[in-house]
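First chain A sits with chain B, and in the next complex the same chain sits with chain C.
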Partner chain A sequence: MADLNQLYDAILNGDHKTAVTVTRQALTEGTAPIELITNYMSPAMDEVGRRFECEEYFVPELLLSGRAMKAALALLQPLLAASGAEPAGRIVIGTVKGDLHDIGKNLVASMLEGGGFEVHDLGADVAPEKFVGAVREHKPDLVCLSALLTVTMPGMRDVVEALKMAGLRDQVRVMVGGAPVTAEFANEIGADGYAENAGVAVTVARRLTRKNHAMDEAKG
Partner chain B sequence: MSTGPYNQARQAVRDALAHRKPSHVPIDFGSTAVTGIHVSVVAALREYYGLEIRPVKICEPYQMLGLIEDDLAKAINIDTKAVFTPKTIFGFPLENWKPWQMPDGLEVLVPGDFNTTVDSNGDFLIYPQGDTSVPASGRMPKGGYFFDAIVRQPPINEEQLNWEDNTEEFQPISNQDLLAMRVAVDQASTTGRALVLSLPNMYLGDIALVPAPFLKHPKGIRDIAEWYMSLRARPDYIHKIFERETAVALTNLEKIHAAIGNNVEAVFTCGTDFGTQTSSFCSVQTFRTLWLPYYKAMNDWIHQHTTWRVLKHSCGAVEKFIDSFIEAGFDILNPVQCSATGMDPKLLKAKYGDRITFWGGGVDTQKTLPFGTPQEVHDQVLHRCEIFSRQGGFVFTTIHNVQARTPLKNFVALLDAVREFNGATNGRPEPTL
Partner chain C sequence: MGGLTIGDPALLVFGVAPNPVKCGFELTVGGGQVYPEVNFTLPPLKISDETWPAVLTHYRTIASDVLRRALSLQVPGIVLEFELLPAMTERPEWGAEITSILRQQMETAWQKSGLNSALRVTPTDIREKGKPPGLRNSDLFHQLLQSFQLNAAAGAHILSIESIGGKELHDQALMYGDVRGIVFALGVLAPRDMAWLWDQITAVCQSHQSLVPGGDSACAFANTAMQLAHKHMLPEVLAAVVRAMGAARSLVAFEHGAVGPSKDCAYEGPVLKAITGCPISMEGKSAACAHFSPVGNIAAAMCDLWSNESVQNVRLLAGNAPEVFTELLVYDCRLMNEATKHGGATTLRNWMVTSDEWLSPQALILSPDATIEIAKAIAGAAGDYSRTVAAGRAALKILRAGLSNERLQLNKKERQWLDRIEREFDALPQDERTLLDEMQETYGGLFDAKSYGLSG
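This part shows the complex of A and B:
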């Protein structure tokens, strides 16, 4: 029998090889993918986020845990898709045009995946039209924008405007973040949410994508 | 030439670095790649101060920093002078200038080997050592202001990882580069300003340099995320690289000192960032085991053989690292990002002000300088000067490079405020244009 606590530990310790081995064994033994995610993988990533917030973990540890989680998740994804299981929500994420800082955005993307979201990462230096195209293609619940430069922060407003122009703004929520971004700025540009770090991003994403929730109710 | 108030420049920086009260708070813009001004702002300043209108030279092609020539330095009372590394981050020297046009149409001058192509997105691509026959190593997004490194990391095969692949850049300095440095130092000395010499390959894992935009075919770990993970997952590999980098640096330091002597006030050796906006990239403990011994070896050599002061650049929330920076032998901290967690100017000055020089912290570049009013800029600059300048230990500059799109009126308000502060304290006269 696979010791599933090892999966939790492997993700927490950023050991992707063990994460894959245990996941593979568990699947062979018939454990449901959703059980692995809900009981082991997501809690491990929650703990990673907690350790990051209290400075027991830093960027390297988060990246390692994110990689371990992704490697295990890759084995589950085909099964989840086949079973028609719905993710916690669909997310399109990217760093805005002109900005190539992607370390924070990558951490946020990992944590969101760990939180059970389906994440489409468009990378860095993403133009508003690309966000619009990705919203049309993936039909996400949430668009996540990251910016680290004051010169590129206005690019977040451009994405919100581009979504409006494309008639898509009512169909998605928008969350913003990154070192210079504030809740005030998020409000000012008409975003629906702001998170100051990767752990909080998961909480805010959960709030913003809560199903059966009237769109305007979650505003603010 | 050093005339009038200008000949005080070098001495003011020397006093500040020795923690003696200088005749005025010295100002740095343009002496390093982390205290520069974006070319668009340099061009605007030249116009504002009525200087000859001519295309500005790009002295740092990655961040597109503009060269601050002596006429502008004089107009804005700069007390420092750059001596750049012999080669830029893209591996070519600053020579054979030719015209180039920024995406917004600004005409500038770039080095002869600054060769670019435009990709299907409309982005500019730039090439290592100017060689367009190899894959590009930098990209300026369409409509952008600066380049970023392109990661050219082949897939990693764990079993075949060899730390030596990550050390191709750490080579003995050539006689040609030594000569170039010597000539540059001699020329810069005539300005009467304090010289800041940037030294190559002593940084230990600067994330901007990990992708090696200057190498044609970089090998080893060249991806940013993979590098950060390696700090935790492959510490032995990292130690080996740092050992090699330090050993080469020590022999190069000896040669460089033999070539230029004590003719520079400060050396900029390391821009490795340890801070983020609210936290850090590693714990202080990791810094102490993975970095400190190597930095200390280089800095100890410098202190035992030269009069140079060593400048450490690290953005972000690094308050808790400062004691270790000092222990590692750094004399100067830049950019003193007061907007990051724990970087309170009063606390920094009180706790560390007599042991390390703050070279920066003059104004916030995340909010105040780009978005504030001229009055807000003025007030913050005066306030920072008051806090940081007591008993020397302070060289005024903004927190990191002055970015493109910085409103000119705000930058002028900054300069006026420093002038006002200096005038108020020692009657330093207005500059003669």
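This part shows the complex of A and C:
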């Protein structure tokens, strides 16, 4: 029998090989995917998040845990899809047009993936039309916009306006972040959320996607 | 590069470089005085054809404000740095138009009021837009080269860049704390790109009279690590080791024509000064407008230009921010120059050093003693890969010594990372070819080996 505590430890310690081995064995033995997620994988990631918040973990530990989680999750996904289960949320992310900085955006994308979101990363220097196209294609719950330059911050407003013009704004939430970006600026351009740093991005994304789902349910 | 030009830590002092640089309107950098280097940027403003007149007005106002304040304070000399924004490099004629405006105002201040000055122009390395970056033959490279050429023709006195070769891999390696990837990016990829790129920049400088090839910066590597460490996302000891390795990388610019002053955000500057004897620009406490650093005082200890990194042109009580930061820099420099005049430069330098050095691993490796240790390690190794590793190991040794004498305090997590980095250094292959094969396996999709002149 697979020792499922090893799955918890493997994710906590960023050991993706062990995470995959134990998950594979557990599935072979007939363990339900939802049990692996609920009892071992999610608690491990919660503990990773706690350690990061308490500064016991740095980003490398966080990302390695996220990688281990993702690798194990990849084995479960076909089974989950067959059962109709959904990810925590679907996200389109990118750095706005004219801005080449992407390390902060990459970090947020990785942390969102580790948090169980399905993430579509459009890269840096992304035009508003490309965000609109990605929203049409992927139907995300949330669009995340990053900018590091004062002169590219206005590009965030362009994306929000482009989504409105395309008739997509009420179908998706918008979260913004980056060194010069403030909560006040987020309000001013009509974004739904602002993440001060990568650490809080997952929390804000969870809050916004929950709201989005609640919105859908209310409409339905 | 052989031995060190400055081998004695006692001789590494602000304002003095063995190979001073004459540039601009009668300015000599490294000839005994420290001068302010003022850097500025736009407030939130979209750059487009429609807003272009407003953009030009901003830069006209900035130059006028800064030069007026400098004259009011009777500054003996000043450098203005124009760091192009990406849009101004993609349309090279845009950047050149601003360069021309700045140069004209500086020339007028020199002719009418005798203000000695120089204009540094730094195009954005837009090659980063390519995924993976097409470093040598892409349209983006040709735009970048044209930007250098047009800015040179428009009147720049010093050309610089914060080149990005290797960054595409380094970003990922840094976030995962992968020392092998970091070493490969800084010690194998970046030096190859810099050697090639700086040959081009030097050629542009040679085709214009009195145009100085300044220097490069490991900003995209080591300053990224510094900022992530500040936010407790990366260990400080890793940021310190990356900084030391960044010195081996930035040295390549000098081996391919750069003569200084090096870039302000290149905190590795003291090592470059020790090896080459060229003047350096640094930034610290007076760049708090742009970003945090744990090295606010120690960064000034060996500088020849003292910079504010970047500030938006926004209104403050005392005027617009660039002129306000000009005033701060002028007073910083005035104090340093006064200390020199009275034989107290070493005393002031030592206070700058000791006020910071034991409070952060990143400050510790910037002390004059540490600078010489790292410089010796680099100069004593052959080849970019070996000297990058040597610089990293020297930094580790300095940090270990600080721990042993109990003057450097590190928490358990930081100490664990120190051990981990050391283990990873011990496990590095002797030759870079082995590492290249491994990195192509691990990060192959991120970089194009041919762009670096490497066979796959």
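The criterion applied here is as follows: the second predicted complex is superposed on the first by the 206 of 220 C-alpha atoms of A that agree within 3 Å, B and C clash if a C-alpha of one lies under 4 Å from a C-alpha of the other, contacts with A are read in each partner's own complex, and residues count from 1 in each chain.
In the analysis below, a contact is a pair of C-beta atoms (placed from the backbone, for glycine too) under 8 Å apart; a residue touches a chain by one contact, two chains touch by 3 or more.
Because the structure is a prediction, the values reported are computed rather than measured.
Partners chain B and chain C, once the complexes are superposed on chain A, run into each other and clash.
Of the two partner chains placed by the overlay, only chain B lies in contact with A:Glu196; chain C stays clear of it.
In the overlay built on the shared chain, the residue A:Leu79 is in contact with neither chain B nor chain C.
More residues of chain A lie in contact with C than with the other chain of the pair chain B and chain C. In the superposed model, A:Gly123 makes contact with chain C only, not with chain B.
In the superposition on chain A, contact of A:Ser110 is made with chain C only, not with chain B.
Shared-chain residue A:Gly98: touches chain B and chain C both.
By the document's definition of touching, both partners, chain B and chain C, reach A:Leu64.
In the superposition on chain A, A:Gly155 makes contact with chain C only, while chain B stays out of contact range.
Common to the chain B and chain C interfaces on chain A are residues 55, 58-61, 63-64, 98, 100, 102-103, 106, 125, 149-151, 180, 197. Those residues of chain A that touch chain C in the complex are listed here as 55-56, 58-61, 63-64, 98-100, 102-103, 106-107, 110, 123-125, 149-151, 153-155, 158, 180, 185, 197-199.
Across the interface of their complex, chain A is touched by residues 41-47, 85-87, 124, 126, 128-129, 131, 171-172, 174-178, 224, 228, 231-235, 312, 413, 417 of chain C. On the side of chain A, the complex with chain B involves touching residues 14, 55, 58-61, 63-64, 67, 97-98, 100, 102-104, 106, 125, 149-151, 179-180, 196-197. Of all the residues in chain B, the ones that touch chain A in their complex are 141, 143-145, 148, 224-225, 228-233, 276-283, 286, 365-367, 370-371, 403-405.
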